[in-house]
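These are the structures, in structure tokens.
In the two complexes below, chain A is the common chain; its partner is chain B in one and chain C in the other.
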Partner chain A sequence: MIQIENLSFGYKRKKLLYKNLTLNLEEGSIYGLLGKNGAGKSTLLKNLVGLLFPTIGNITINGYSPKKRLPAFLQTIYLIPEEVNIPALTIHKYMHLFAPFYPAFNKEQFFSYLGQLDVKDQGKLNTLSFGQQKKFIIAFALACNTKILLLDEPTNGLDIPSKIRFRKLISSVFDNERIIFISTHQIRDLDNLIDRVVIVDNGSLLLNASITEIAQKLCFKTMSEIDDKSKVLYAEESLKGYSVVMENTNQEDSKIDLEQLFNGVTENPAKAKAIFQ
Partner chain B sequence: MNNTFSPQRFGLLFKKTLLERPIQMFGFTGLLLALILITYAITKTISGFTMAQNLTFLWGLIGGSYFMASFVFSHFTSNAIGSSYLTLPASHLEKWLCGILIAGVLYPTVFMLFYRLMDASFVSIYHNSLDPAAPFYKEQYRSVGTLSFNGFFAWKVYPLFLFAVSAMLTGSLYFNKAGLIKVSLVICSLLISLYLLNHLFAKIVFGGVIEDAWPFHYVMIPVGKAEGSILLPEKISDFAFNMVSYVFPAILFITSFIRLREKEF
Partner chain C sequence: MDFKENPAIYIQIAEYVCEQILLKKWNLGEKIISIRDLAIAMEVNPNTVQRAYDFLQQREIIANKRGIGYFTEEDAMDRILSFRREQFMENELPVFMRNIYLLKIDFKEIKILFDQFVKDNFKK
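Our next item is the complex of A and B:
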């Protein structure tokens, strides 16, 4: 379990990126961390893995404090950064040197994931394209079977078929003992993948809700005209009138549009807070 | 699980560090040794054995370890490499020891073995080239010998080696990019400042008539038409020498460990 209590963090003491952020992340969920550019998504992930230390507040992950970077803690968490840098090694050599640090690493799974992501053994890894390198590191990270997997913009650099394969793979490896935390600004890449949405903006947590809760409380639909603006969280003009996100007072079933949800929550945080209270 | 030190985990880390970038690590060492060999051969021809031995021992040990130290902690040039290094499941002590072992023990051992072999070969070639029937054979034979690793010159080099390695290891953890250049600039600035401050202080104390003043060592003053040197009292001189040679590097080594533990990236 990840517990973030009153986290304040800033690269400069006077300019905090996060102010009193409190957030609990439970096992058995794939979280989508959404935020604008510069909102501090990568910074939050770095705080979770112990690459950055909170200015104020505490982070506890399964009883460990990330800032201590103890081996017992690091064995249970894997961060895939946005940029990957893979040494000039073959797949086997890489596995031989890095896998022993992760006791739960599974070789069969690793090669299976490489196959599923269409990464071929073509000599030195550094000669692969950026997308192939990224898929390689995703396969390795998943095969490490860490309890917590943090992915920072994992679909950046992946082509469309690879994004689909990535989504399928993440869904297939997920189990109830794991937390997968995916940070992205490419919101559509998380469609049908995540089961909880976390939205951060201006240093605050704007939303932490499950997909079920969102579907219960919000309704996503297209209207020719907006009758009652007081229930609307977000609206944008479309070919057929307006695409609207509104309070789901009539218990309607609708398909969640993450992009519209994100726009609604970031543009109208007070209203979103009131709906999800 | 031991979160401070595990021999097995340390072994894995050491192997990973050596083999992760084999071309850079071994190629770099090979290049350094080749340069030392060439420098020895050229300097011996131009200036003789003593100069060649001293020059290559000084630069091979200090310069080589200095470069190696900049290499072993050069993980912070990019986000991806830095993240991968700091989140690798090994303790800070193991990561730190690994750097110290490569730059401060492994490279110097390889260098000294190579140096002994190279030096002994050149000296042997010279000895074999002499004519035993020549009139000054014994004198010529005795005039050239291998450099003693326990001699006066070697013991002047070792403290400098400790200082260079400890300063570079610490500096690499403070400067993420171009650590080698930045640390070199800091060391040069520090030495120049120390020399100038010492000069200034000596001028104030001795009334502005000094010729030269070397920190922790001596002050040269004109005495009539001659020059006289005022040496630091032996006890203070020894204390200063030990501080600069051993205590200061030890502080830097400890600082590098603390810095690694508290490194944010």
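Our next item is the complex of A and C:
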């Protein structure tokens, strides 16, 4: 379990990116972390692995404090950064050097994932294209079998078949003992994988809810006219009238549109808070 | 897999399972694809497929045999039809009727086309 308590963080002490953020993440879910550019999504992930330290507040992950960077903790967590930077090593050299840090690393899985993502052994890794390097790291990270997997914009740089492979891989490795936390702008790449949505904006947490809870409380539909504006969280004009996100007072079972949800929650945080209380 | 705009994904997955049975690709009383494998095939979260299977269990269309997997119920056909009819009437029929009305199409014409469609596609 990841417990973030009253986290404040800023790269400069006077300019805080997060103010008093409290958030718990539990095993058995794929969390989607959504936020605008500069909202601090990557910063939050770096705080979780101990690459950055909270200015105020505490982070506890399965009893460990990330900022202490204990090996016993670091072997249970993996962060795939948005920009990967791989040294000039071959696949085998890389594995021999880095896999020993992760006791649950599985070599067979590693080569199977590489095959599925179509990464070939072609000399030194730093000569591969950005997308290939990224897929290499994804394969390595998944083969480490860490309890916690953090992914920062994982689909950036992936071609169309690789995105499909990636979704299938995530769906195959996910289980009830793992936390997978994915930060992304590319919601459409991942929307059916995510089963809990975390939205951050202006330094605070606006939403942490499961897909089931969101579908219970909100309804997503197209209407020719909006009759009761007080219930609407978000509306946009579309070809067929208005696409609206509104309070689900009639217990409708609609398909969630994460883009509309995101717009509604960030434009109207007070109303969203009231609905999800 | 491409999902439609509505209804909820787990309902669409439940519909997919029923569709396989109606099309006789899957047989009644037999074991069906596991939650994990269906999630991978559809690129969705396994929890969503779990929810679809729970839903189908509640409607007594499939049953969980502990340790073995999910099976379709031998006598599920009526319940499958009633579930699919409900979904059709609720989601697909209104769109169809709206267009018939707006385009001033005669029901007699529809009937002729319908008979031809059945002949072409289902009656051998």
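Worth pointing out:
Throughout what follows, the second predicted complex is superposed on the first by the 277 of 277 C-alpha atoms of A that agree within 3 Å, B and C clash if a C-alpha of one lies under 4 Å from a C-alpha of the other, contacts with A are read in each partner's own complex, and residues count from 1 in each chain.
The criterion applied here is as follows: a contact is a pair of C-beta atoms (placed from the backbone, for glycine too) under 8 Å apart; a residue touches a chain by one contact, two chains touch by 3 or more.
What you are looking at is a predicted structure, and each value in this text was computed from that prediction instead of being measured.
Of the two partner chains, chain B is the only one that A:51 touches; chain C does not reach it.
Contacts of A:82 after superposition: chain B is touched, whereas chain C is not reached.
Within the superposed three-chain model, A:193 lies in touch with chain C and out of touch with chain B [touch as defined at top]. Contacts of A:212 after superposition: chain C is touched, whereas chain B is not reached.
When the shared chain is aligned, no partner comes close enough to touch A:130: not chain B, not chain C. Looking at the shared chain after the overlay, A:174 reaches chain C, while chain B stays out of its contact range. When both complexes are overlaid on chain A, the residue A:255 reaches chain C alone and has no touch with chain B.
Of the two partners chain B and chain C, more chain A residues are in touch with B. Residues 1, 3, 6, 9, 12, 15-16, 19-21, 23, 78-84, 86-92, 262, 264-265 of chain B touch chain A in their complex.
Those residues of chain A that touch chain C in the complex are listed here as 28-30, 164, 167-168, 171-172, 174-175, 192-195, 211-212, 215, 221-222, 253-256. The touching residues of chain A, counted against chain B in their complex, run 46, 49-53, 69-72, 74-75, 77-79, 81-85, 87-89, 93, 97-98, 100-102.
Residue ranges of chain C in contact with chain A, taken from their complex: 3-9, 11-12, 36, 39-48, 51.
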